[in-house]
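Both complexes below contain chain A, partnered by chain B and then by chain C.
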Partner chain A sequence: MKSTEHPRFTLSPYLVFVLIHSMQFGSEYLTAANKPIQLAGQDAWISVILCGIIFHIVIWMIYRILNRNETDLIHIHPLFFGKWGGGGLNFVFIVYFLLVASYQLRLFIEIMQVWLFPDLETWPLALVLLVLVYYIVAGGFRVIAGICMFSLVRHITIMSLFFTAGYFHFNNLSPILDHSLNDIIKAGNELTFPFLGVEALFFCYTFIKTPEKSQKWAHLANVVTTASYLIVIFFSLLLFNSEQLSKEIWPQLSKYKFVQFPFIERFEFIGAASQILWVIPILCFCLWASSRTFKIMFTVRQSTVLPMLLFLVFTAVCLIPGRDRNEAVQTLLSEIGFYMVYAYIPFVYIVDIIRTKVRRTV
Partner chain B sequence: MNSVPPLWKELSESSDFVCYEQQTNAAPLFIGYFKSLTEPKILHQHILGRLSNDSDISFNDLYHSIPVAEKEISFDWDLIQNKLLRGNVAIQYGHQSHHCILVDAAASKGRSVTISEVEFTVEGPKAAFVESLDINLNLIRKRVPFPELRIKELTVGSISKSRVAICYIKGVTNEQYVNTCIQRIQDVQFDQVTDITVLQQMIEDNSNSIFPQSIGTERPDYVAWAVSTGQICVLMDGSPLTVFAPVNLGSFFITFEDYYLPWNVGSILRLIRMTSVLFSVFASPLYVAVMTYHGQGISNVFLPTIISSRINVPFPPVVEVLIMELVIELLREAGARLPTKIGQTIGIVGGIVLGTAAVEAALTSNFLLIIVALSALASFVTPIFRMSATIRLLRFPFIFAAQLWGLLGISICTLAVVAHLLRLTSLGMPYLVPFYPFRASDLYDTVIRPPYSKFHHRFSFFRSPNPVRFDKKNANSKRDIDE
Partner chain C sequence: MNRLFYVLLVCCFLLTGCVEQQILDKVTLFIVCGFDEAPNDQIEFTIAAPKFQARKPGSVSDQLHARVGRTSTNIQEIMDMRLNRPINSGRLSVILFGKELAAKGVANELDVALRDAQASRRMYLAVVDGKAREMLQANFSSDEEKGMFLFNLLDTNVRAGLIPRQNLHEFEYSFLGKGMDPFLPLLKLEDGKVLISGLALFKDDKYVMSLDEKQMRLMKLLLGNVKHGAFEVTLDDGSFVAVENVGSKVNYRVGQNTKNPKVTISLILNGETLDSRGTRRPKQEQQKIIDRFENDLTATGMDLIQMFKKEGIDPLGLGDFVRSKTRKWNEEEWKKEYRTLNVTLNVKVNLLEMGVRE
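Coming up: the complex of A and B.
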C-alpha cells in the first residue's frame, strides 16, 4: 500500500529535522530541569543522554514500521487492527493531540499571566492564538513546516544564557556519578515527557518527498534536542543549587533574570514573550494532525473539521482553571506519552514484524 | 456623405473621423482615418499624395505603391475598426468590395526618454521607461540583443484595449511561469485597464495581500537583468513602469545600484537597508510596549533620559505615537500631492515647525520624535514604491498589538505576518524562498551582494531550464603568489 501526497504538497527531507525538533523541544523545557535534578542531582545529564538514546531507538522503530508499509499511521491502524479497532486507535490519537494542544496553550497563557500580565483573562489570548493557528493550518502542511523553521529563532534566547557565565558555580557539577543507577533511570523517566514529539513522524510521513532518506534528519533532530536539554540542565545545575531549584516552577525563566545588557534590564520579558515560538508550532501540528486523521476517518473536508476542533481546544483551555489542573493534565499526558513510547510503539513494531513474517510464509 | 460605406457610418458620428470619397478613373476610393490619431506628414506625403497623382491605378498597384512598411489588405470589419482606432488609414476600392488597404500612419506623441526620477542612481545608466510601449521595447531589446528574447503581445480591457507585451528569454525562463502569466492576463475581465499597476493587482496571486507580489521598475537595466535571470517582464502601452515576476521578498530590498558598486560596499549598503526596514516596522511599537507595560525592562542608565523627556506629556504612549505617526503620514501625503517646489517647502517647514512645536507644547516627547522621524526615514530606503508603502502601513497593526499586550502582542503580530508571508506566492513561487523552502545554494545574492564570480548559476527557485550563467571552472583560473 502506498499513499503519497501530490508532489506540490510534499516537503524536502531536511524539513523533518525542523519539524521533529520543534515538536520535541516544546514549552516543557521550562520545567524539564526540575524533577530530574531532584532525583539525580548533578548526574541528571546522564539521564538526558540515556533518554536521547532511547528516543533514537524509538525513531528507528517508527521508520521501520512506516518504511515497510509506505504509508502513515492513520492508514496503518485499520490495516493492522481492522476497521473498528484501527478507527478507535486513530480516535485515541485525535484526543491525544487535542489534549497536547490544550495543555500547551494553557501552559503558555499561564506563563503570560504569571510573568507579564497578572490581570490577563484566559479566553481573549486563547482566542487570538487559535485564530492565528487556524490561519497557519489553513495554509497547509508547508506553512506549518515554515512556522517550525521560523521558530528556530528561539535558540537565540537560550544562547543568551551564556551571558550569565559570571554566575556559574562549577562546583555544583561534582562529584560525578554520585547517584545510583536507579535514580538516574527514574530521572530519565521524568524526561520522557519533554522528549515526546517523535510521534509526529507517524502522521507527516506521506508528506515527505523521499521519506526513506529523511530518517537521518529525524535522528539529527533528536541529537539537537538532546543537546538543547543538556544545555538547559547544565545551566540549571550551574546557576541554582537543588534546594533553590525545588522552589522554582519555571527555572528557565528565572535564569533569564541573570542576563543583562547595557539597555535591557529585565531580559525575562523578552524570554517570556518569545515563549510563543515554542508553542505555536506544536499547536499547529497537533491541530493539523488531528484534523487530518478526522478527515481520513470520516471522509469530511479538513477545512470544516478544523474550526470545530479549534473550538474544542478553546473550550478545554477555558475550562482548565489554573496551575493545579494544568499540572494534572501534564501528569496525564506524560503517562500517556510514557505508554506510547515504551509500550505502544514497540507493540506496533512487533505486530508489523509478525504480519510480514506470516505473509511471507503464506 | 451618402456614398460612404455603411459600416463606416457609425464611426463617422465622431467629429474627428475623416471619411471621403475620391473619384478616380478606375473606381471610386473611400478613404477614412481618425484625424486625432494620425500623423499628418505621413498621411499627406506618402498616402494621400499618391492617390491624387495616379488616378487610374488598380487595387494591387495601389497597395504596392504606398511606401509604408506596415500595411495590409483585409476585409474583416473588426480588424479594420481596430486598426483605424490605432491610427491606420483605411482605403476601400470601389463600392462593392469590402477589401480595405490599411496603412499605418499612427502619430506617436509622447515624451521622449528621460532621466529616472523614482529610482535614481548616481553612477548607473539614467534612462527610464516612458509611456510608449514601442520605445520601451526598444530600450529592452537594445540591452538584450539576443535572438531568444521573446516578446508576446496581448490586448487587455474591453474599452481600453491596452496593448500588453510579455518579454522573456526562451530557454532561460521556465515555460510554466510564462504560461501562467499569459493565462492570467488573458483571464482579466475589466473594461478600462488604465495602467500596468491596475493589471498588476489583477494578475497577482493574492490580491488581498498588502505585500506586492511583483516588482514594478522604471529602469531598463534592471529589467534586462531580471530577464536574464529567468524572470518574465510585462509592459503595457501608456505606462512607464515594467513589472516583473516571479519575485521573492528579499528582492524588494535590493536597489539596482547595489550591482554598480563594488561588492563589499554594495553589501554593506544592502545590510543597512534591510536593518532599517526592521527598525522602521518595530521601533514605534516597541516604544509603545515598553512605555505602557515593560517600563522596568529598561536599564537605569537609559531610563532618566526617557522619563525626563516624557514627563510633561499628558497622553498615554499609544496616543502619542499615533499622533506623531499621523503627522508624518500627513506631511508625506501632502508633499506627494503638491507640486515639487511647494512640496519641499511644506516638508521642511512642516517637519521642523510642527516637530519643535509639538515637543514644546508637550504633545509628544523628544525621544519619540526621534524614533518616529527615524522610522519614517528608514521606510523610504525601500527602493520599490509599493513595498515602501507596505512597510509604512505595516507598523500600525504592530502599534495596536503592542498597546493591547505589550511584547507578547508584538510577537503574536510578528508570527501572523510571518504566517502570511509563508502562505504568499508569486506566480506560484514561494515568497520567502530561499529562506523557506531553504535553498543553501541560492543564498548568495540575498543579504549580501557577492562579487560577480559567484553569480555562476541562476537562482534554482526560478526553475530555469538553463541554470548555468557561465562556467565556473574556466572563470577561476588558478593563480599563485608571484605568478
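Coming up: the complex of A and C.
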C-alpha cells in the first residue's frame, strides 16, 4: 500500500522511530521513578520491562488496525462508529491532545519557575513557546519530524550520571524479587503514563511513505524508550533510597546538583533549561494532530484552526496555578491514558476483527 | 498573519532580558554558614560573607553577619537590610552546626538546603565542638577566605583518607534510609586554629556521641575501600612503627541463619612500613608487627562496634546491609535485634614494602 498523502509530505519509515521515541520519552520521565520505586522498591525495573512488553503488544494492535483499514484513526472512527459516534471520538482525541500539550508546557514552565526564575510569570513563557510551536507546526509534518530528530540531542544529558557515580549504593538493588507480584503490577500501572505516546501512530499513519515497513521502527522506538526508563530507574535506585525519593519532586533534575565544573557552578540551570528538548516535540505533535483532526472533521484549513487551538492551550496553561493543580492534571491524563491503552485500543482492535469477519461472511 | 508573527518573534528576543538578573558583583555569595541554638526555640544563623578589597587582588577578608530568628530564610532577609549586596546561597559549600543545635536535631536546617533549587548536594556539613558563630569569628585563616579554607580542609582530608566522606546528599541518605545513621566530621577551635578533632555520630538527625581521631580512622576503613592514611602501632619493647595504608579492602558477610543474623566483617589492609624509629627490623620480626597490628585494629574495631550497639546507632549501615541480604526485612524487628547482634571483625594485615631501605 502507498501513502494517501502527496509524496512531498511523507516521511521515510525509519523516522517513525524518532517520532515515537520523542513522543513516549517526554518530560514526565523526571518524576517517573518516584511512584514505582515507592511501590516496588528495587524490583521496579521488572515493572519497566513489563510495561515495555505491554506497549509492544499495543503497537502491534495499532498496526493491525491501521494496516487493515489503510487509513488513519480520524477516518476509521466514522467508519466504525458512524458519523456522530466517530466525530465524538475524534473530538475526545482533540481534547486529549490539547490537554497533553497544556500539561507538558505547564510542567516545563513550572520547572523554569522552581529551578531558574522564581518570579517568572506563566504567560510570557507560554506565549513565547507557543509562537515557536506555531512556527514549527505551520511548517508541516516533516518539520515536526525534524524537530523530533533534533531533540534526540537530549540523550547527551546521560553524561551527568558520571558525576554521581561516586555515590552509588549497589546494596540498593538487592534482594531481587522481594516484592509481591501485586506491587510490581501496581508499579507498572504507574509507569503507563510515562510510556504513553504510541497513540501518535494513529494520526501520522498516512504520512509514512510505506507504512507497513515502519512497524519495526515503532517497535524499536519502544525498545529504546524501555531502555531509557530502565536507566532512569536503575540510577535512581543506586543514587537515592526510597525515603529520599518520596521527598524529591524531580529526582532526575536533582542529579544535576552533583555536577561540578570549574566554569559552571550550578549546572542544574542548564539541566533544567534543557527540558525544552523533551517538551517541544510533544507540543508540536499534539497541536499538529489535534488541528489535523479538526481539519478533517469540519473541513477547514489547518492554518486557521491552529491559532485557535494554540489560544486554547495558552488559556489552559495560564489557568493551571501550581504544583497541586499540575499534579491533578497529570493524574487525570494518566487515567485517560490508562483506559486508552488497556481498554480503548483493544476495543477498537476487536471491533475491527468483527467487522472484517462479518464482511467476509456477507 | 505573517507580519504579526515576526513582530511577536522580535518581541520575544527583546524581552528575554526582562527576568530578574543576578550579577555576580552585585550579590553576596557566602561559602560557609553556621547554625547555632538560641533561646526560645530560635536559631542563630551566621554567614561569613567574603569581602574583596579594591586594588588588592588576592586579598579577601570576611565580614561576619549573625542574627537570631526562627527561619533561616527570614534571617537572610533581615540580613539583606544591612548589606549593600543581597545574599545569594548559590555558592554555599560548607554548613556548620553548633553542638547544642546538633544534639536537638538538624533536620529542619537540612531541609532548607535540600529544598533550595540552587544548593549543591555535594556541600560539606560539619559539627562544631562549641558554637559555630564563635568558630567563624576566630581568625583562623589569614590569607584565605574562611569558607574556602574550611571547604579545602574537609575536602583534602576526605581525599587523603583521614575522615569518612559525608556530604549533604550522603547525610540525607543515611538519615532517611532505614538501617543506618549518619555521622559528620567534628571541628574544634584550638588556640585560634581550626582542626578536625573526630567524628560526630548521630541517631537519626540528633548528635549523640563523638569518636576520637584514632577511632575515626578505623571507621573510615570499615566504611569502604581506602588507599591512604597511616597507622601507628606500639611494639612490646615500647618502640613505635608506622604503617602507610596502600590499599585496604573491607567485606561484609551475613551468616546464613536468618533468625539471628550474624555479620562478619573482614578487613584486609595492605601496608608499607614507613617509620620504625631507627631500630632495625629483621624480616622475622615482621610477623610480630603484623600480629600486633592486627590485634590492635581488631580491638579498636570491636570496641567501636560494641559502642554503636550500646547506643543503638548504626553509622556503619549494618542494618541496610542485612536488608539487602534478607527477604522481608523489618526495621522495627531489626532495631530490637541490633543491640544483641553478633558481629565479628577479622583483620588481616599484609606488609608489602618497607620503603627504599632494608
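Just so it is clear, the second predicted complex is superposed on the first by the 355 of 362 C-alpha atoms of A that agree within 3 Å, B and C clash if a C-alpha of one lies under 4 Å from a C-alpha of the other, contacts with A are read in each partner's own complex, and residues count from 1 in each chain.
In this text, a residue touches a chain if its C-beta (ideal position, glycine included) is under 8 Å from a C-beta of that chain, and two chains touch if they have at least 3 such contacts.
This one's a predicted model, so the numbers in the text were calculated from it and none came from an experiment.
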Where does A:14 make contact in the superposed view: on chain B (first), on chain C (second), on both, or on neither? first
After the superposition on A, what does A:322 contact: first (chain B), second (chain C), both or neither? neither
With both complexes overlaid on chain A, does A:346 touch chain B (first), chain C (second), both or neither? neither
Answer with first, second, both or neither: which of chain B and chain C does A:128 touch in the superposed model? both
Can A:147 be said to touch chain B (first), chain C (second), both, or neither? first
Would you sort A:88 into first (chain B), second (chain C), both or neither based on which partner it touches? neither
Who does A:262 touch here: chain B (first), chain C (second), both, or neither? first
After lining up the shared chain so the two structures overlap, which partner does A:167 touch, if you call chain B first and chain C second: first, second, both or neither? second
Would you sort A:117 into first (chain B), second (chain C), both or neither based on which partner it touches? both
I'd like to check the shared interface: which positions of chain A are touched by both chain B and chain C across the two complexes? 116-117, 120, 128, 135, 265-266
Listed in rising order, chain A residues that touch chain B in their complex are 11-12, 14-15, 112, 116-117, 120, 125, 128-129, 132, 135-136, 139, 142-143, 146-147, 149-150, 261-266, 269-270, 272-274, 276-277, 280
Mind listing the chain A positions that touch chain C in their complex? 114-117, 119-120, 124, 127-128, 131, 134-135, 167, 169, 171-175, 178, 240-241, 243-244, 247, 254, 257-258, 260, 265-266, 268
Chain B residues within the chain A interface of the complex: 293-294, 296-302, 405-408, 410-412, 415-416, 418-420, 422-423, 430, 432, 436-438
Help me check something: in the complex, which residues belonging to chain C touch chain A? 5, 8-9, 12, 15, 19-20, 90-91, 114, 117-122, 169-170, 172-173, 176-178, 320-321, 323-328
